[in-house]
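Note that the chains take the letters A, B, C, D, E and F in the order they are written out, and that residue 1 is the start of every chain.
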Amino acid sequence: MSHGAGGRAMADLVAGIFRDAFANEFLEQGNDQASLPIPAGGRMVMTTDGYVVSPLFFPGGNIGALAVHGTINDIAMAGARPLYLSASFIIEEGFPLADLQRIAGSMGQASRETGVPVVTGDTKVVERGKADGVFIATAGVGLVPEGLALSGDRAEPGDVVILSGSIGDHGVAIMSSRENLAFETAILSDCAALHGLVAAMVDAAGPHLKLMRDPTRGGLAATLNELAHQSGVGFRIQEAAIPVKPQVAAACELLGLDPLFVANEGKLVAVVAEAGADALLAAMRAHPLGREAAVIGHAVADDQRFVQMTTAFGGGRIVDWLSGEQLPRIC
Amino acid sequence: MSHGAGGRAMADLVAGIFRDAFANEFLEQGNDQASLPIPAGGRMVMTTDGYVVSPLFFPGGNIGALAVHGTINDIAMAGARPLYLSASFIIEEGFPLADLQRIAGSMGQASRETGVPVVTGDTKVVERGKADGVFIATAGVGLVPEGLALSGDRAEPGDVVILSGSIGDHGVAIMSSRENLAFETAILSDCAALHGLVAAMVDAAGPHLKLMRDPTRGGLAATLNELAHQSGVGFRIQEAAIPVKPQVAAACELLGLDPLFVANEGKLVAVVAEAGADALLAAMRAHPLGREAAVIGHAVADDQRFVQMTTAFGGGRIVDWLSGEQLPRIC
Amino acid sequence: MCLAIPALITALLPDQMARISLDGVSKTISVALVEDLAPGDYVIVHVGHALSKIDAAEAARTLELLAEAGLLAGAAEAPA
Amino acid sequence: MCLAIPALITALLPDQMARISLDGVSKTISVALVEDLAPGDYVIVHVGHALSKIDAAEAARTLELLAEAGLLAGAAEAPA
Amino acid sequence: MKYVDEYRDGALARDIAAAIAAEAQPDRLYAFMEFCGGHTHAISRYGLEDLLPPGLRLIHGPGCPVCVLPVGRIDDAIRLARDPAVTMCTYADMMRVPGSNGASLMKARAAGADIRMIYSSLDAVRIAETEPARQVVFFAIGFETTTPPTAIALRQAMQKGLANFSIFCNHVLTPVAMRAILDDPEPIAIDGFIGPAHVSTIIGTEPYREFAETYRKPVVIAGFEPLDVMQSILMLVRQVNQQRSEVENEYIRAVRPDGNVTARALCAETFEVRENFEWRGLGVVPASALKLRDAYAAFDAEKRFAVHTVHADDNPACECPAILRGRKRPADCKLFGTACTPETPVGACMVSSEGACAAHWTYGRFREHARSAA
Amino acid sequence: MKYVDEYRDGALARDIAAAIAAEAQPDRLYAFMEFCGGHTHAISRYGLEDLLPPGLRLIHGPGCPVCVLPVGRIDDAIRLARDPAVTMCTYADMMRVPGSNGASLMKARAAGADIRMIYSSLDAVRIAETEPARQVVFFAIGFETTTPPTAIALRQAMQKGLANFSIFCNHVLTPVAMRAILDDPEPIAIDGFIGPAHVSTIIGTEPYREFAETYRKPVVIAGFEPLDVMQSILMLVRQVNQQRSEVENEYIRAVRPDGNVTARALCAETFEVRENFEWRGLGVVPASALKLRDAYAAFDAEKRFAVHTVHADDNPACECPAILRGRKRPADCKLFGTACTPETPVGACMVSSEGACAAHWTYGRFREHARSAA
């Protein structure tokens, strides 16, 4: 990749790699924006995320798949059907074209598998040393059925908290591929698009479903604290109910990390009124991405908005937000 | 700014700076996606661009205003009314918070002035030396009235090419603020949102209007070549008709650059059927951002898709795409 | 504290290094500080170094003591 | 070619440097290569250095010659 | 995880808790100090205080090498890291520890200093080998546990002939710090010690004998798993009840009476005791830390870069000295939760998550909140 | 722009064009070489060929210092730039010029080399001063116009005592190259020269006398504005018609007969003539380039970094040698527009936009296309 502005080389590159990888009728329009049909009914949701993962390729995925799945998930968390994605690439001069192709290929595959096209995009190349390989910012829009209004402020005391599966897989997969940590494990990132699972959940729980959120950066701990803060409630969760794969637990022991704070990319937390909890859990367990779904606790009245946890050991603790990034520890 | 993941410090920062700067009801929802009403009728357009300008602050603007105006413009070029923006920030560790505030402030101001809210956003901080201050990727959606279908492939021989104003202002303003070039000029970036002008144009020219595009990176030359390529026509333009400010011309002489290749951020090129050209030009000139609008040429049948120019001198030349970035020259 | 964890030696490597395994996670560490190690041993690992070999017999004895303490409690709680 | 452009000297600076102006664009260049310059002079600027002073009288004369060549052409085209 | 999971059995813990409750005399208070942050962590992480009878109180000691490093030494490390020629290698734990005026290695890195977070002491050697043009300084911190890995790194660097490798040595000594707490002129409310787990794998059980014999404080060396802690508390209760003061070893699966002889010999050959060293929260403690022997002066960053530590005062409102001696609790400090939080730690006890104040902030607050609500 | 706009008057150009048409004899061909890329640029940029009578042909000469630098010297520059100690300072023009196997400074920079694009020779001195730890090499290229600024940079670096500054000297000599074209064993179809504008501000009019007197080729030194070119063509037509061969000066507003005496003295003191130098498209030309005098050996990058240029062959299918001598046109080359485009230039004439092939690609193709369509 060479640093350039408006040249034919760059235009050809964008046309070649991305048009091939994302092939869809909207991108084919070849304009600086895509013209798109709007399905009837409902409200629109819009989201964006920047993806800056290091390394770019990790067990179970790469930044490209992540950038598709992550943004689809933020749409899905509103109970919405994801419709369209945009993708903005910031590429460091000298970045291997073969890697870009692999990333674009993964995005294309993720886009086809999820049925959500990347309808418009942009590429900028910056001088060497002014980025880190490639950054991707995706944005997405989706359609949420009229009447469904999931939101992080809707948890109420008594509501049930359900987690869709085991935590920490993504973060541990990433760390295992960082040179300076140098450990090996068979753990793969859980990177996945959750809109299918979400559709089944919305069907099953209907108005009982209050909110969903994907516990990405900062892990389950950050998400529960965010939700507690936003809804003005506390949460009380059971450590023993939270699925953690043995390798994830082991890697966390080795590095002095807590799986509660480790990132996930294919999991969600749902808060549901008690009356809908059983139906929701059953529907989730019937879906391939929710087979390990579990009730992990419930919301409680708490003006301190604490997330409290009964440990597997039987004691109690607060699950706080992390102050800054969780770093590997030696003491 | 410190490098972090999911910490409270970062969450507070995002909440503080951006929520204040962008204040709107959608962002207030506080979720990972914004829930938005969809106006009735028409099709949706979606676009994205990454902004990587250096320096971040330049005469007449900064990366923040650019990121709002640029994406609004890509929506407007479809004849659409811009509705909502998303913003993804990638920030280098150590970037001064005061600068971030200034940038967010400009974005907020641009958003308020244009009436297009930034409804959702994301912030990532990367290690020092792995980015260049701040990168912004914005995405936007808009609504295009039913029946209007502007597209870069619609130019036909005989169509008239109209430019909305003088070229090269943005690129020269940027270059004048680059330390290594070290020249001074009063030229300001033309950075502006064109959707108001576009609305007037759509009203005035109706179905005669074929397409619009903003000649940003690569300048007027790149845009005309793109359009020629996409529509399968040639263009014949008159150099004498193209407005260039004297300071822009002078800076280009000094650096060995050609204003045709220099970037603009508040200009558009429209292609219109001859029958609508007068009405369109009049409407453009009546708008503050189109006062200097001029017919600069017309589309011609040409299977080579050349952009030909009659020079101010009376000779002829091809206006080619640039091969890579236009660099200051000494010979 | 000093974060350290018991791990299984799976292979001895040249230069006083060894492979360890911990529930499917493996890593290379230094074993320069501990003598007489063999694959199958468990060691306490700290900052990439083995500090001490785990004594399997003593570990078993500790577990017995723990169980015993629990039993005693049962006895204590039960009406004497 | 050697890209060079005539520019107006607006101020002489220490160390054989000068400010130049070109239609509202200004810049600092070296004038070490050209003697006897004063603000108001025009110089040919190349890679940040003045190469030569423009001779205003000769410039005027050249314009006259150009006009003359044009006139001659007119004369030539007109029926002789 | 073998040798881990079996010591985290909650059912068994409740049984042991019942034994403690049964054996603890209801009419007296028991105050035990767990010296090590590892125990503090286990107590907080697993909520062990919920399992203990009301008359039994745990006092969190200064056993976190990150927390106790004084501001002046953090300032030294930051100063070294800012040298453009220097690549500073540090365990990640040190990144956020505040020096003077809120400076930290994290902020220094954000401002452009070349600071690398390493997992093992040997990573620093590898970096020095790979980047011969850089002056690689290893920020060596820790108790007796972490000292031998530093000695190994020094050996490796010497073998490889790395002229660009040096060590900024901040290793400290556990028994000396315990003695400093007991020697405090004001009376200390400590009935016994839960003794260090991993420190003891190196130093063995012998160094604690003076606390049992001279100071008459029972010591039970305990593993860092929650059952280890519960069991050691039971053992301490029994010693108190029986008016014994002995050194007992609960962590017998990893700790031998003579510790790790190889490691101790290596350290003795590499390091010598400093005359004085300052501890955050404890003040200057004679003979409480190590430095490189003169034979290794060439690898001593303090000599190579002429480091002269400037003392910086702790915040006078910080109650760490009293908390570390069991006289006060975190909530007694005016700064707790206001000026002093894990994001902006003021004193030693808030600096790492094992500090008494940080542990109370992270894991304990709700208990107090529940109490006050009740 | 004063002294610019008045020489870009299209109406006047058409009048002069009429004069040329009137004076050019319809029964003969006129072939003039504009040596300089500056003239080539003006001809293409303003479409001057549209204003000339059909019997008058302009031959684009080798007057672009970027184009003529041979592959071996580009390879040298890339090799220097890849040295991790080196910061290479270059005019942006050189960034894309291809060396062997498609290498370029642009690609070397993308691969991590520290290469800075500068606007003025003095920028390189400033960088050396600001970054004393870097070995700053100034990639000096250009004809007599660009040589004095290099000499000034050397003077500044010496005054500032910069031990980390050196010059990779590639300055070449215009009259020698003109002579090389005329000395070609095969006959040359050139009736006269449009002489260099800015080169002549330095060297004056005298060096062209031999071409007029010995080779009997009229020379008209012309400014780079389009009216200057038109006027000089008229003057050349007149010399041919009148069978004169003189050195005339159309660019009298900037060119004195003795050029810039100060600059020439400075250059004579700084540089000496190389025995041989290779030109892309012309081959090895004796005494056609400059190097630093031995007195400045300390600043000579070729000496400091032991540069030994390895000759690399031009593509044998490239027709540059014939094009530069007026025997062929760009479209006659098999590679034109296929293997050889401005994005992937093969030969000298495509390398910069002033090369004959590049100019034809950028500005001229439509004319041919229009012709063939007609």
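Some notes on this structure:
Basically, a contact is a pair of C-beta atoms (placed from the backbone, for glycine too) under 8 Å apart; a residue touches a chain by one contact, two chains touch by 3 or more.
Owing to the predicted nature of the structure, the values given are computational and were not obtained by experimental measurement.
The minimum number of touch steps linking chain E to chain F comes to 2.
Path length between chain A and chain E in the touching-chain graph (shortest route): 1. Farthest chain from chain E, judged by C-alpha centroids: D.
Two chain pairs are in question, B-D and D-F; the one with more C-beta pairs in contact is D-F.
A centroid comparison over C-alpha atoms places C as the chain most distant from chain B.
Centre-to-centre, using mean CA coordinates, chain A is 37 Å away from chain C. Averaging C-alpha coordinates per chain places the centre of chain B 57 Å away from that of chain E. Here the CA centre of chain C is 21 Å from the CA centre of chain E.
Looking at chain D, one finds that residues 1-3, 5, 22-23, 46-47 touch two or more other chains.
Counting only residues that touch two or more partner chains, chain A has 2-3, 8-9, 127, 182, 246, 249-250, 253, 323-324, 329-331. In chain F, the residues that touch at least two other chains are 1, 4, 37-38, 64-65, 91, 106, 119, 123, 142, 146, 343, 354.
Across the whole structure, chains are in contact as follows: A-B, A-C, A-E, A-F, B-D, B-E, B-F, C-E, D-F. The part of chain F that touches chain B in the complex is made up of residues 1, 4, 8, 10, 13-14, 37-38, 44-51, 64-66, 91-93, 95-96, 106, 116-119, 123, 142, 146, 226, 341-343, 352, 354, 361-367, 369. Contacts from chain F toward chain A in the complex involve residues 106-107, 109-112, 343.
Note for the complex: chain A touches chain C at residues 176, 182-187, 246-247, 249-251, 253-254, 256, 329-331. Listed in rising order, the residues of chain F touching chain D in the complex are 1-4, 6-7, 12, 15-23, 36-41, 63-65, 91, 119-123, 142-143, 145-146, 148-149, 152, 196-199, 201-202, 224, 227, 231, 234, 250-256, 260, 262-263, 266, 354.
In the complex of the two chains, the chain C residues touching chain A come out as 1-3, 5, 7, 22-28, 45-47.
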